[in-house]
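What follows is a set of structures to go through.
Two complexes, one shared chain (chain A), two partners (chain B, chain C).
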Partner chain A sequence: MLTLLEQIDKGTLWRSHGGVHPPELKNLSNQTKIGQLPLANQYILPLPQVGDSALLAVKTGERVLKGQTLTSGTSFAYSPVHAPTSGVVTAIKPMPSNHASGIHILSCIIDADGLDEAVVFETAKVGALSNEEILTKIQHAGIAGLGGAAFPTHIKLRPASDIELVIINGIECEPYITSDDRLMREHSDEILAGIEIIQRLLSPKRIIIAIEDNKPEAIEAMQHALNRSHLATGSTRITAVPTKYPSGGEKQLIQILTGQEVPSGAIPAQLGMLVQNVGTAYAINDAVVNGRALTHRVVTVTGLNSQTPGNYWMPIGTPIQHILDALGFAGNLSSDKIIIGGPMMGHSLPNTQAPVLKGTNCILLPSQQEIADDDAEKPCIRCGECAVACPALLLPQQLFWHSKAEEYDKAASFNLHDCIECGCCSFVCPSDIPLVEYYRIAKSAIRTQNEEKKQADFAKQRFEARLQRLEEEKLAREAKAKEAAERRKGTMSGGDRDAVAEAMARIKAKKAAEQQNSAADTATAAPELDKKAQIAAAIARAKAKKEGAPTDDSSATAVPADDKKAQVAAAIARAKAKKAGANTAAETPEPQATDKKAQIAAAVARAKAKKASAKHTGTVDIDSTVPSTDKQNEVAAIDDIANDAIPSDIVTANTANTANTEISDKQAKIAAAIARAKAKKAAAKSATIDNQQPSMASDETLNPVDTNLNAKSLSDSAQESQQDTVQKKARIAATIAKAKAKKAQAKLQEKE
Partner chain B sequence: MSAIVIAVVVLTVLALVFGILLGFAAEKFKVEGNPLTDQVEALLPQTQCGQCGYPGCRPYAEAIAGGDKINKCPPGGTATMEKLADLMGVDPEPLNATEEVQVKKVAYIREDECIGCTKCIQACPVDAILGSGKLMHTVITDYCTGCDLCVAPCPVDCIDMLPVEQTTKTWDWQLNAIPVKQLQEDKPC
Partner chain C sequence: MAFKLASSPHLKVQLQTQTVMRRVILCALPGIAVQSYFFGFGVLIQVLLAIIVALAAEAAVLVLRKRAVLPTIKDNSAVLTAVLIGVAIPPIAPWWLVVIGTLFAIVLVKQLYGGLGQNIFNPAMAAYVMLLISFPVQMTSWSVPLVIAQNPMDIGLSLQAIFGSMSMEQLNSYKLGFDGIAMATPLDTVKTDLALGLTMTESLNKPVFADGFGVGWFWVNMAYLAGGLVMLKLKVIRWHISVAILASLFVCSSFGYLLSPDTHVGPLMQLFSGATMIAAFFIATDPVTAATSVRGRLIFGALIGVLVYVIRTYGGYPDAFAFAVLLANLCAPFIDYYVKPRAYGHRTGN
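Take a look at the complex of A and B:
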């Protein structure tokens, strides 16, 4: 039993399944040397052509040279795009793609300047380079498989497993195409140099250059080149393969040359094999030795509609329209098809503005006689010809039924994804069913379904992650709220509650004292007094709470507020004192009116307290307070006293400086107005006791202790008066004032 | 007589043994929840759009497993409905949605007009909107399921639902894209 390598050395060939023998029509284009094309005015370079995630390295308006990189990227699969000639980047915008769909894709448009200036190419000796350097050069040259699939070569040349056998694919089994044929005939030495580089990178045991036996000139040229090359004798051989379509397919070629079958879903590297196109070998040599990026490739232009069929060096990015113009197109653009690739596997081009790509090996311009009618599909007769022809050992009929019925999962169960879309089944079909089209539709539908499934799974994952996050956030919020509540409770039991309790105790004591005082008064007044006292107590409680809160938070930040509160309290006390003084001084018996006044005073005190808590009056607008003052003060005769009272109020307001919200401002104005009105009224009542009170008031603002004393003395004098109700009110007011004053004092002391 | 006794005893013993076996199996291999729900959910498109009237795909899957109608999922389209019909063994019903809804769309924010209110971010069921308070938002279109839920909360109406653009990778092949099907015999050239 011979080993595989021995069999290979003997030149044994295996039979591959299926295949067809379509008319070749190769001599249409392989008679002439590879020609050159005149420069186009414009080149269109889709970005990125091969590999993803590239960044643009040029800007619109920038001048680029031939071979200059247009993109930059760092990923492993990144393959750069190069300018094919010198010129100016005029636009970077979506342009028609060289794809069956003709969908616009982002492209870099270069207006050629005709100079064809190139960047300086870094030539190198292969022997002086390390393998890594060679691979980097190959990557930076943007080399991709030139057989048609355009897979980045540097990835292929960096296999995970050992490669034992390298196959150089010069089969070119598609009808019409002769680009590899011409390349092998004219550039066999360069191809062999490229093969030497591959040999160095992978050190395989054997290299087979496989060429179909319909290209005797190419086989001969390559044989001569091989003899001239530095490759070790016996390591490399040229094998002529019988002409059959599709021997050039990667898996089919491996089967023919080694008898091994690449498993479904696997790549040849898993069998220790690697297949490279001859054009790729040429490009590798050009990149490594000459330092040239992959900017040109050989393209076959053929078909009966081509006026000068042949092979041409074409800059990648050349618009197809330019090729048609330069080489002559005998057909009609609207009715005659332009096919990219061969007749078996190619696709028709919907827009002639599309460019030549790295994988474009042929532009087929068939005449009407060369192509069959489109609408000739007839029912499947179950002849089974397609199953015989299928090189992938599939059951095209079954695939067709399921694809047509859109039962894609069933089609997939018949290994639809192993279909290489070679077109043999369509070719042999007596019913002219475009089977490959059905498979392509099914494949893209399956791909879409898989994509959707993946997206759905991902969406579900994200949805669930979001739900979890929201739940966690909610829990965290609840925990935080709980913690805050506990902290509040803790502080309440500590400082706050004590302060409140203290204030309550103080008020109770005061109330008791008050009641003792009022006990001397008429008994009838008692209930009313009690009520008033309760109100006063409530006010005091409110004050205590208000003042207690800042004390808890304590520290220096509380000081301004305390100061302000003290001032406000002093002002209230002053107002009360004024009122009391007025009442006592004015001996006019107006009990009801005075009663009302006292109530107002209490209300004002409350309002002021509120204002103080609501916060921080700034400067009080005197003008705005004047109307209300006038209204309330229609009977006021003496303006002087009123005016005297105003400044003191302003002082109070001013001292209670800091930020002014609109509300507090308004409240302050109202309070000031009421206070002024009161002062005026008091002045009106006691024409004789004139300036004494305002001055006293201003004293009080400065010294709360005085206020306390004054208030006491005033309330004493009030007690002496005979008018019970008036006395009571005055007393209550005085008590409130006292409480305020005390508090203010306490605050001041605390502050000190 | 003894034969009858033996038969009775044997059958009793057998009944006991199998009873114990079954009881054990019922405990050991107990299935949590309704397995049908998972199968239904796997068919739903997971847009979490709530167009079915349920808050997400899972609740609708539960509802279907519980006997709800299968035609309430516009994002899934007729294909999903048919699969659900297959799975549930019910007759396919026409989808209660217009054709327009069935085009796959994703949200785009007109970024110039975005005021950064974060309302759409809160509405997005799959966290596909990126942004912060008073800063411009944008949709990560790859993550967007096209559920429409962000459109309504936007106070400045700067969110558009645009059809997903086709790329060369997502393009569906059409019949007769390859016109050359049959070559004629070799001709002298």
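Take a look at the complex of A and C:
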């Protein structure tokens, strides 16, 4: 059993299935040397990658030189586009593309200036370059597969796995086309130099240059060039392949040369093989050694409607119309086809403005006798000739039935995606059924379906994720609520927790009291504050009283804790003093009762005092409590009159309360001081409104307030600010005071 | 700009459906000629009658179906069906037999299923089976080969026989051999004789087997075989179905003959008598109703061969191709479904 390499060395060939033998008609164009085309006035260079993985590198109006890149990009798949000649970029806009649909794609239009001035080409010696440098050169030259598919070459030459066999494709199996044939005859040395570079990059075990046996001149030229080249004769060979369409197809060629099949959906690299076109090898050499970008390629112009059939070096981007004008077109544009590519796989061109692309190897201008009539499709008689001709071993007939019936899933189950669209089935069909067209439609429909399915799946996933999230949130909420309920239950039952809760409640009450105090103070110290504040303060006071009264009755320990209560108590004390003193005192108007609210408050206080005294007289048991309250009330009264916070300390000392009461008293003092300072500030504001002062001063004013310094310094700074008031600060302070009053009110309401 | 647009490929083989059909018909001509030589002008009259009825019926149905008449008529498929019905019917069968058969084939079996390419059953064979079951007497009344007949028929007599101006006694006189004994077809004779307890050797001594295979039938089969080989050469048909039929029939009958030569028809006689060759090359190869893949066609052909052998040997009818082909037609979609060729890049096991 021979190994594959041994069989290759022996020149063994395998059979590929199917295939057809259409008339070759190559003599029409392969008799003359590759010619030059006169410069066109305008070149159109499609920029398919711009907006995707590349950026424009030129602007409208800019002059570009031959070989200058029109795009820039950094991605792996980026393949630059170059100006084919010197000229001015006149527009960058969508233009008809060289595609069966004629769809417009973004293109750069260059008006040639006729000078054909080029950029400086960086020549290099291959030996001096590293592999990476060579690959970079290939990428920057924009080299793509010139066999027709135009796949970026630098990607192909960077395979993930080892390549054992490189196949250089010089088959050119399509009828009419002779561009590779002429290139091999005239530039065999350059092609071999390109192959040497490929050999250097991939170091394969064998290189096969495959040429169809209908090109004996090319085979001979290549053989001579191979003998002259540095490639080892043992590892590189030229193999003549029997003429049959489509032997030049990558998969078919691999089958013919190695007997292996590229697995469905895979690439030849998976078998350790790589196929490159001879034209690509030529371009690789040109780019690496001469530093020239891929701006020109050989294009066959042929068909009986061509007046000068042959091969021509054409700048990429040459409009087809220019080629027709320059080389002569004998046909009629309205009735004759223009085919880009060969007659088997090429597409008819809808617009002659479309340009020559990197993958354009032939412009076929057939007369009507040369190509098939557009016969009406007749019913399929299931003759099965298509299956005999199919090189992919498919059942074209079944694919046709299912594609026609739009049963795309069934068509896919007959391996529609393995169809290479070579056209053999349509070629042999006796019923003139355009089978390949059905497959193309089915393929794109399947693509669309898959796309839609993917999107639907995605939407479904999102929807399900949302449902799940909502459910999770709901569960979390429920768990939380349950936990909270349990905590509540635990609080109610546990004694320690009870104490804590009580303490919390006390602290809250104190806080409220502080705020209320300050609000009350603000109200008294700054009577010019707007009514709302006054009313709020008054209400707060009234409420404080109301609250204070029942606490008085209930527990002695809780009462002194609140400064507010002290105040209330003061009022009560005052009332009592009045009552206890003389009746005249009661008749005398209260010093603070300038506003109605205060009066009402006083009245309420009095009433409460009466109630308290009634209790005092009524019950003996609470005697011990009441005197202490009285005492406290007296002290509180002093506090009220002096409008100072310090005596409240005495109050607490007197009433001998817990430590946190003291703390709260201190806080209350501070709060009161702040409130007072604010009130002063507010007063200052009203005094001098227009006075403008640097903001530093106002900052100084503010900071002490924020840091809760003692009242003295506060008032000092307030006085200072009186001189240099900033109206803003005052307003803010007033607002804060107001807000605090409101907050206090709100808290009180909450408590109630 | 109004360009002429078309999808690739832009080249086509100039072999059209109508050409294929015409070539099949032309290749059948030698067989028809030999058949006429042995069985008289009746054969040609039946064929002509069938063609006229087929074209008329096809045109009428196309008008009713609101389809273009001319392109379809021109595809020659109806003519081919008519030819096959014409040669399958006894040459002296009454005219209405062929008319009913052809109408049935074209209208019911072909057009009602959607026309060319859509029918499940081979129209000619479906018609033949329908006639055989409905009119067994007329369908089995084969005239004796002219060379051994007591009263050879000329064209006038044939016309009289077909168009009904002939009495039953007169008709029966054309079924007599030169020895004055009524003769059936060779296969029919064998079947009857074997049923009567005679051995093969005894049966083969009858005058109808004067040349060893049944007078006339051997040459008719040879002519159709020649036509079939031409078709293979022209690539009008592929070899798979025909070879599979002949091979399986040969193998089966060889086994039977080796096991019991006295009660079994020999393999060569199986191949060269009755409808074997015309069926193997012209009827079973109808692509519309056959399997399409290469392996499928081999299975399809082998199935026909086995069925023919089984029905000829154990069935109630002397010949069996119509039944075998129809049964295989039924199986064709299943064969196609289960016998898919391995596509490129789909190695077995991955």
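FYI, the second predicted complex is superposed on the first by the 451 of 752 C-alpha atoms of A that agree within 3 Å, B and C clash if a C-alpha of one lies under 4 Å from a C-alpha of the other, contacts with A are read in each partner's own complex, and residues count from 1 in each chain.
We take it that a contact is a pair of C-beta atoms (placed from the backbone, for glycine too) under 8 Å apart; a residue touches a chain by one contact, two chains touch by 3 or more.
Keep in mind it's a predicted model, so treat the numbers as computed, not measured.
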Under the stated touch criterion, which partner chain does A:393 make contact with: chain B (first), chain C (second), both, or neither? second
If touched residues of chain A are counted for chain B and for chain C, the larger one: C
Thinking of the overlay built on chain A, is A:24 touched by chain B (first), by chain C (second), by both, or by neither? first
Could you look at A:427 and tell me whether it touches chain B, chain C, both or neither (first, second, both, neither)? both
Applying the document's definition of touch, where does A:347 land relative to chain B and chain C: first, second, both, or neither? both
Quick check on the superposed pair: does A:97 touch chain B, chain C, both, or neither? Answer first, second, both or neither. first
Of the partners chain B and chain C, which touch A:371 in the superposed model: first, second, both, neither? both
Contacts for A:445 in the overlay, against chain B (first) and chain C (second): which applies, first, second, both or neither? first
Just chain B (first), just chain C (second), both, or neither: which does A:455 touch? first
Return first, second, both or neither, reflecting whether A:465 touches chain B, chain C, both chains, or no partner chain. first
Taking the stated contact definition, name every residue in chain A that is touched by chain B in one complex and by chain C in the other, in rising order. 22-23, 100, 175, 337, 339, 343-348, 364, 366, 371-372, 374, 376, 423, 426-427, 432, 434, 436-437, 440
Could you pull out which chain A residues touch chain C in their complex? 17, 20, 22-23, 100, 175, 251, 255, 261-266, 333-339, 341, 343-352, 364, 366, 371-372, 374, 376, 378-384, 387-388, 391-395, 397-398, 414-415, 418, 421, 423-424, 426-432, 434, 436-437, 440
The residues of chain A that touch chain B in their complex are 22-25, 27-28, 97, 99-101, 103, 105, 175, 337, 339, 343-348, 364, 366, 369-372, 374-376, 423, 426-427, 432, 434, 436-438, 440-441, 443-445, 448, 451-452, 455-460, 462-463, 465-466
For the complex, give me every residue of chain C touching chain A. 1-13, 15-17, 19-20, 71, 75, 77, 115-118, 238, 287-288, 290, 292-294, 297, 336, 340-347, 350
In their shared complex, at which residues does chain B touch chain A? 41, 44-48, 56-57, 125-128, 143, 145, 166-168, 170-187, 189
